[in-house]
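We call the chains A, B, C and D, going by the order they appear; numbering starts again at 1 in every chain.
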């Protein structure tokens, strides 16, 4: 059979629930998401939450809704949020998320007081290490404003990562470097809004170093329910359901065909 | 000059164990390499099914008169998987040169180019076929993941490769490579330590080197004592880990938590 | 002499940097740690120049392709997109002081080309996975069967529909992720660090010269 | 009124559709979109990197510490990659960056990825944690390279590979989930963004024309 019929089938299975939502219930909210929510909820007001944007435009489909929901939660609780991007093409997503929740970026009245965007810090792990050792590592924020003049940092006792309340990683590549540079050194716990591919990698660190995380689009949808801000993620869950079901059916059909053809003596494997 | 902030030198809290491990593991691996190079230890590295398959795949390509495609994937030269992949590439290139099969090599990180060209040329020289080496067969397509992947796919289809060897660092594009190999009916071997790509390789390829097997295979193929010595050292470090884990878990099970507490120091 | 500057000094630089920063991660001493942070800053700056290599290589490859009359249209599109973005953005940044993040045209390039391009290219994988699922995912051996079984359970357990089909799918999924997955991935983490340690020792000892690029 | 933003959205839609056309078959539209993406992404990456590097460098230069210019000079040595005669200069920045990677990673990873992981594994409190410990020990043993897996060890490594396979299965399920999410994201953009959806009928028309032309070619 032409493989393109399969592609067409996938397109249809994903498209129909998007165009005509069925409104399947989301089901039980996972423990990982709940724990992350509770952790942020229990942090004292004005705690610093560092958000690492490591989502490429591709991973943004999964991580961005989580980031938005988390910022919303931080805003509700009055936490301070420090953003930075560890890859070049993630930089605009910080602005996007701020615009969605706060309506503005550097023009927002609380920018510099509660929210600071450090922009891109090069060299991944090395850059994070620098930032952890000295919060003024970059000198200025993404828009060219001087960090030392900002109210955000004024009452921080040590000006390093031991002042932080939580660090959240958004992306799809790897989370180990955050744990080894921040959590085990400074004691600031890690959380994540990660693409589903990365989720398996989180469990060995959960729950002692990574206190909780959101699993791709579904995790974001759950977080949206928790912060009562139904948004982007919830709308996609029907399509997720149907397409998973379709793929499972395809696997089963494929295997039945395989065994049927093996039974026949003439049919090769 | 008056120095104001002199502070005591101390190990970071919680890093005593890491400091000891740092020294110990460096020492053990160095010792393993040293003793193997001196010929004191002769490690016997386990043979893997995938390695035996390489000869079979090259042989098949010879019979069919079609080229062999080899890629180390996305990683740069500092990546252990790419280094292992290059060790195996050297062997495959020499075999291909001996049998007169075209050897196509692709990679994504620019830093791989000079070393790969040198290495493959060297392999052709060792096979006594230096004149048949064509630098155009060592191909850089793009360092963007997907552009690289579609480039490789196009290459496999165009050249109608008989063997598709994917040994190195792979991420999301793994499936595209395997798909390309499938379409031209090539035999495929794949190996990577990237855990979320292994499932796709396991189910789509004829042979898979799972995770560390790739590194081991690289050392095995190189035949160099220092590589094999480092594998030996690696196994000793692994033994430390296994022992700590086994003993610690049993002690914890019977209520003695000392070792577990020590590990956090 | 020539071998000294060509080989030994770069290697010494590598070893010195490695031990200097390893010491910083393990030890606490204010002057040392501050110095290391400055070092990290310097290396971050140096590292950002690496992008020049891929820019040059891309330009060279595609100029050559145009010269050889292969893929003329595609290669010109690539060169124009790359250099126009770069020249305009650098002009605005270096001369007029507008950060690329605030530069309108650059952001339009991002949201019009880079972002949809990246996202679409990866979403194509959804189709490939579905096709591979039908064609290749076979329960050929015990190992493959375990892989398939846990894969199918997780797929159903993670989507809301799984819970509607059978209430225990999420429970099974949780067990699979908490137990076999944790064990398996933890092994990969441990074996990964063991392999990396051995590699780094080889590099530090100078047995692994691959990073030097070529054999002279 | 047509604004630049509208054009951007249209460009995004066109990129999406052109790249999706790869599923039908490789074609010029796909290749153009792909090359535009590679080029623009590379250019964009340079801009962001330059801005970040400058932000790090500037305070030192402003403070009169001119020797920080050395970092830029060392960075430029990367370009000697292309000159076979002076290739060795490229090794200096590479050595620095690779060395720093080793230094920063190794010592901390031995804590986080080795000792901590072992410590957590030793905490056996219930059946599941015992299973995890057994799984880790067996599958770590599976990678033991300098010994043949014979006798009892064969069973140990067999159990290990079963744990690994189950983990890969979970990975597989999660990856499917991730890829489908990306497709959902893309289709949502295409279906619900204002001018972008006008491109869908155009795309379908082009696809039909393409298929018809293909058929004709085959018949000839």
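Keep in mind that, in the parts below, contacts are C-beta pairs under 8 Å (C-beta built on N, C-alpha and C of every residue); 3 or more make two chains touch, one makes a residue touch a chain.
Here the structure is a predicted model, which is why all the values come from computation and not from measurement.
Dropping chain A from the picture leaves the other chains, by touching, in one piece.
The greatest centre-to-centre gap from chain D, using C-alpha centroids, is found for B. Ranked by the number of C-beta pairs in contact, the top chain pair here is C-D. Here the CA centre of chain C is 5 Å from the CA centre of chain D.
One inter-chain figure worth recording: chain A and chain C are separated by 17 Å, centre to centre, where each centre is the mean of the chain's CA atoms.
Centroids built from CA atoms put chain B at 30 Å from chain A. Within chain B, contacts with two or more other chains are made by residues 12, 14-15, 18-19, 22, 25, 78, 110-111, 114, 142, 146, 172, 195-196, 199-200, 202, 211-212, 231, 234, 238, 241. Shown for chain A are the residues that touch two or more other chains, namely 7, 10, 14, 58-61, 89, 91, 119, 121-123, 126, 129, 137, 144, 176, 184-185, 196-197, 199-201, 204, 215, 218, 240, 243-244, 247. Multi-chain contact residues of chain D (touching two or more other chains): 22-23, 34, 37-38, 41-42, 44-45, 48-49, 51-53, 56, 81, 87, 94, 97-98, 100-101, 104-111, 113-114, 116-118, 121, 133, 136, 140, 143, 161, 164-165, 167-172, 174-177, 180, 182-183, 185-186.
Taken as a contact graph, with one node per protein chain and an edge wherever two chains touch, the assembly is complete, since every chain touches every other chain.
Those residues of chain D that touch chain B in the shared complex are 22, 26, 34, 37-38, 41-42, 81, 87, 94, 98, 101, 106-108, 110-111, 114-116, 118-119, 121-124, 130, 133, 136-137, 140-141, 143-149, 161, 164-165, 167-169, 171-172, 174-175.
Looking at the complex, you find that chain A touches chain B at residues 184-185, 197-198, 200-201. Against chain D, in their complex, chain B makes its touches with residues 14-15, 17-19, 21-22, 25, 43-46, 78, 110-111, 114, 142, 144, 146-147, 150, 154, 195-196, 198-200, 202, 210-213, 216, 231-232, 234-235, 238, 241-242, 244-246, 248-249, 251-253, 259-260, 263-264. Residues of chain D that touch chain A in their complex: 23-24, 41, 44-45, 48-49, 51-53, 55-56, 58-59, 97, 100-101, 104-105, 108-109, 111-113, 116-117, 120, 167, 170-171, 174-178, 180-188, 191. For chain A in complex with chain C, the residues that touch the partner chain are 3, 6-7, 9-11, 14, 24-28, 30-31, 56-61, 89, 91-92, 95, 119, 121-123, 126-127, 129-130, 133-134, 137, 142-144, 176, 185, 196, 199-201, 203-204, 215, 218, 237-238, 240-248, 250-251, 253-255, 258.
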